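First up is the structure itself, then whatever we jot down about it.
Labels run A, B, C, D, E and F following the written order; every chain starts at residue 1.
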């Protein structure tokens, strides 16, 4: 049963994400104040017993099995927890907890390899294959999100976004023969590579220390620069151009670009990234909108129209 | 003979654009100081005789037939004019004077009609056909520039840019089924329609009064709004969305957008317009660059790399 | 009885604005959560019975007759509704519900005509008379607000603001003989004309679709451009200047101006509009301030001093 | 004879402003390179003899008597000086050299006193009279410019601007009974008072050290604060409000305001100052414009229309 | 007992800051809603009896003696007041109520005098001694805060910040022989002098009217300018430079600087002020942070890392 | 003989920097147009014979031996070259050509090692020693400039700036015990390390491709990250903090920072870098200023005062 279907007055048992946990001091002792969630939404929950021991047991746990009574407290639905324990892998379906990848990992992997095979430049092909062959790196690429809140904030969001962007880049090149198609497609696939280390957690995402102190753009550039160093005869200028595209893909310094775009493919990558990110964010807003106008969207400083 | 091939010391006869004309008072009377141009560049010229009479005769003339002696004055090549008169249509090939359209008007017209035929929405189709059937409007659309300096600043630049953008829009829709393809393609074709009245002149372009006081975005919206009013049963919301795309296609208020984008197609149109405009501008810069780095490009506040 | 005079524990009967209505799911069924208002303020209200049927009946209703018990819920006064139904026109005085126009419609109309009669330019006079003769347009002009929140957010706020601005323009011209007084006064009267279609509702205002997608500046310019087209021999430059004033009256692109001011009257109109709008907003803030310093005013990012 | 009437080949004698003076080392010794000016424009001049001695003699001299030959050097008119000496007061008419005040000092003084007499608030009246009675301060107020380049950059420009602004303020108050007319008029008269020390020179203006290091706003506030201190029982809040108006009259911190406007009169003063300054600047541009469009005006980042 | 040690269910007696006081109308009459505080935090409190009389008695009182019962109301600890009266000086230790100065006034005074004695420039030395000899001014300098919220928001925060900055300035000069050490140290001591009048209150600080209408920079400059006027033969340029440093120490107009830095010492003072202010603010954030990352810090628009 | 001492009419022989070289087509053939320079300034030069052959020979040459005649051409001194050839190392003293390092390489090396020895953190010490032991990297660090135009634009400017900044950092830590002195000093030494590859050339500097496409911040971070990877047990958080300081030392994204400062030492490094850079730039401006006010300084958008 999903959170959105909880009925006040009923007793439920469910596997839920443990998103926040806080120990609160109360008149007669302590209690745990939790935020639990699944794909359909979040719910506040309270545990009245053995709060301190449970706090220790649940620290760093992402998924819990919970039994409790759905009630209401000050106009908000609240779950009074009767039983709670860490969930075991296999007991639950992650797709219930988090917007699932549109495709299973195998298909994402196949899509990636199909794009790699379409690359005619041997150096760029080698570079992409090095990534695909690095099991640890590639499995992260196929499972991490591309954002925490605004867009592609789901399992495999990074792969979903990168592959969509690469397909878009391929289409756009058909209109502009001057664009280096292999370079643009490779840049699209790798532009957010640093995000494999920007977030921590498998279902509940938060920034890693390096994610905040170094940033995903520099982390991605660093990985790519070192991989290029392992490929014999990788043309120096080609390497600079690819790294330049990663470093400049936010378009403007004030938006986080490390350098401003200075080659055709870098300008195009920036605008296409805006399109792919914004359309995913708009889709997410559209799902929530219950009239022809959305609510006020803070990052856009505007309302959106779906009439 | 093109200006770039003028050799110092030789006498030339040529049809050239008359870009600037100024009467100068000199020790012994008056002279005319001219800027003449063709596709290959500009040259300063001087007329020592009958300056005042010639000034009156050449006012508002765009193309002149000139005979003169190529010399050099303070390190710059300068033409001393011996004979000059307005050129007659048919005597010269406009394509020598101004970057020619990539395609002749008939092909541009055919490309436009092919795109119109691909539109399945009957209302949008009717709207586009109204434009194609308005001889005066459509012939301007097929011949005016889309810019004065930075991009598509040539005969038929408006049609070239609008058609390229529409083709790009069509390609991009293949990656995003949620986009309304007909709306986006129509918006691409019409987004700069107001530019048919923004500039004056046929070969030497300058802003019209309305171009500066009203602006091409409002002029284009006004035309489209009135055309929509002539189509029976044009759905009100569809009309608002199309006009909204024209009004918002500069993306941000500070960049000249009248309203900010509020629908998917408006966001995408803005980014695609950036791509098509910038790639044309970069191509123009690339032609001039004689090393792997361009000179400093003021509108971009940067150097471009062509290495 | 006004909302500000409601006493906890008493039973009231009143005609009130229905500002928000939401159906809430509750333990034992559904209830309606309302926001009701009059000139003196807003109050939250709750209806426990027949919520769903009432929701349907009250949809799009602006004024209701309500009977209920004033109570308090979590430190806020709350009305428990016993009876509620749509109010009929004539039962209540709109001036109790919304800050009333300072003058009745007839006086506003007379003020407008007096200003029109003071215009010596025959073309501008004709234009203004066309508006006064269009019953539908003119009655909207005499009744709509000029803003939703910050200034002139009341019935006939548009006329009040436009007439005040025109009187101010007339005064200012006495200090500057170079200003075209008729043009400036006409621009003042028409600068916000598009607001007749920017908002929907008669007593409870909200943006119309066109208000957000097209914007009041473009809508106003469109009306004026079409009216000018109906006047024989309207001088082209005069028309461009008047439309330019409407399009530029926000002063800067980033503040919503479609083009920047380029003539004397456009610069002056922008600053006078700032004065008239800001003074109305400050008066509204002054009414609420209960000490010499106002609370923090977000749109001004500052506190105001009334000491 | 004015500079604009100089004819190449003729010998002239004239009283001119000495705007710049520089000693240049040349093949065969030294020469003086000068910029001379009058109301009609500037001209470059060269002195070939006794350059070093003349340099010393002319240092800090504002007006010179010059005899020389008008020639042309690289397309620019140039004066070859034969005789040059400091001019004596009384030999020339300052009004030939610099745009004259619109009114003689006595009329400016009378206008000021008339405004003072219209002030009913006794404290503000006393303050203004203190200034009028301080001969040194008041004669500067009646003779200094209000700007170096963009507006009111002429003798008595400060008084001209301040009086015009005060008259404008008086007119505007007729439309807004909530405004404190005496406070606004006084603020208008005193808002730029610090400019009496911002510039040095009587006919050729340049910033003083204090003008750049301290700024005219702070200097004006300092004078007013000290004068207020000399008036018995000057109400504290009234003094704060008047100083606040001086300190905030640039409207925004980024435009040089020391604090943002926080009272009605401060908001209005800022916008009226914009109107009076900009209209004077536009008049100056209009005088130079020789077609319906001005040249590009850098401080406005735009062209102006005078059609 | 400090607020952070209050235990729900216990009765306490304490001396506390009275930070806010509001009379609320309630079902059965009126109550007082208070915010009380000490160094360890704030607590909401309620008084049910004689609310109106107490309101009058406690107006403008900063410290109260309170007896009451600690309870909890909607998840927040709340004090139900049984007795409350103004505290008398001497009954309580201000250091319990507000972060205490790091050093007692005598040591601050000694530190100041030691710095004064290190100044070799006799004029700057005289100026600083004038301040130290003005009992009223100097005691304010030794006791006022330097900020209301972000940094040095405690008793003697102004002296603490100014002395720290002066010591820092002295150290920095050892690396740059071109800096005028006496000028920089004096500027550091006096840069925030106007803050002696920016805030009102001894333990509970709020902006004074002048603090908001005039601003501390202008107030400080005004004091210094008048003191300089009292010192015979104070070099004019030295005075301008010192005042310039005060007026420009915020670095940029948009950050509140009255003029931009134009001398070496003004640039350095601005950056050193940023260092000293920011490090104090960061220390305050560090005290509250309970993990390696701080919460989101609004004025910095970022998270801070203490790992 | 230095360029500033060249006398018109004399024949000179000198070793000069070859800063620009361009082949120009002329009436009777070709000529070379050069810009030559030394520490005292630049001079334009022209070669009339064998222009094409010389162009090829001098390409990529930084220092030339020149014999020629000093003349004047249009008010500017110009050198007519009679003989020119590449200079051989050892023939000339580089210190004549370019502002010399304040200290010889050995002293810079010794200063660096002294600072390294003062570092107590063994990991940071090891890191700095790795750099000192890498002959190629370290010799670049000791000889490259830190800027192209505004500050430290001379041989060894990078070392000069980095060492000065480290000494400053050390001094500042004495005032703030909470600062990690070793971390701050190491960050100061390494913050601009990437500049060893940002510029090309030994005496005439220009940006390298990587300098523009990747940027010195990313290049420096990349070097440091890889060196850290070679040191056993380098604490992960320490490494992140040091890299974070390099990546954030420009303070704001819009000024080129890759991430915003998030630790104390990063904030301080940013402000100290501003001080050291700006003071060097001001010293350079001071050298050129010939009155108490500098000319207008474009990067500062202001005049500087040296009175």
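The rule we apply is simple: a residue touches a chain if its C-beta (ideal position, glycine included) is under 8 Å from a C-beta of that chain, and two chains touch if they have at least 3 such contacts.
Owing to the predicted nature of the structure, the values given are computational and were not obtained by experimental measurement.
The chains in contact with chain A and with chain F alike are B, E.
Taking C-D and B-F together, the pair of chains sharing more C-beta contacts is C-D.
Look at the contact of chain A with chain C and you find different residues on each copy: under half of the numbers used there are shared. Look at where the CA atoms of chain C average out and do the same for chain F: the two points lie 61 Å apart.
Computed centre separation for the pair chain B/chain C is 42 angstrom, with centres defined by C-alpha atoms. Residue positions 74, 209, 212-213, 237, 241, 244, 262-263, 303, 305, 307 of chain D each touch two or more of the other chains.
Pairwise chain contacts present here: A-B, A-C, A-E, A-F, B-C, B-D, B-F, C-D, C-E, D-E, D-F, E-F [touch as defined].
Chain E contributes residues 164, 167-168, 171-172, 174-176, 178-179, 237, 241, 244, 260, 262-264, 267-268, 271-272, 274-275, 278-279, 282-283, 300-307 to its touches with chain F in the complex. Residue ranges on chain A touching chain E, taken from their complex, read 24, 26-27, 74, 209, 212-213.
Of all the residues in chain C, the ones that touch chain E in their complex are 8-9, 72, 74-75, 292-293, 303, 305, 307.
By the touch rule above, chain D contacts chain E in their complex via residues 209-210, 212-215, 217-218, 221-222, 225-226, 237, 240-241, 243-244, 247, 253-256, 258-259, 262-263.
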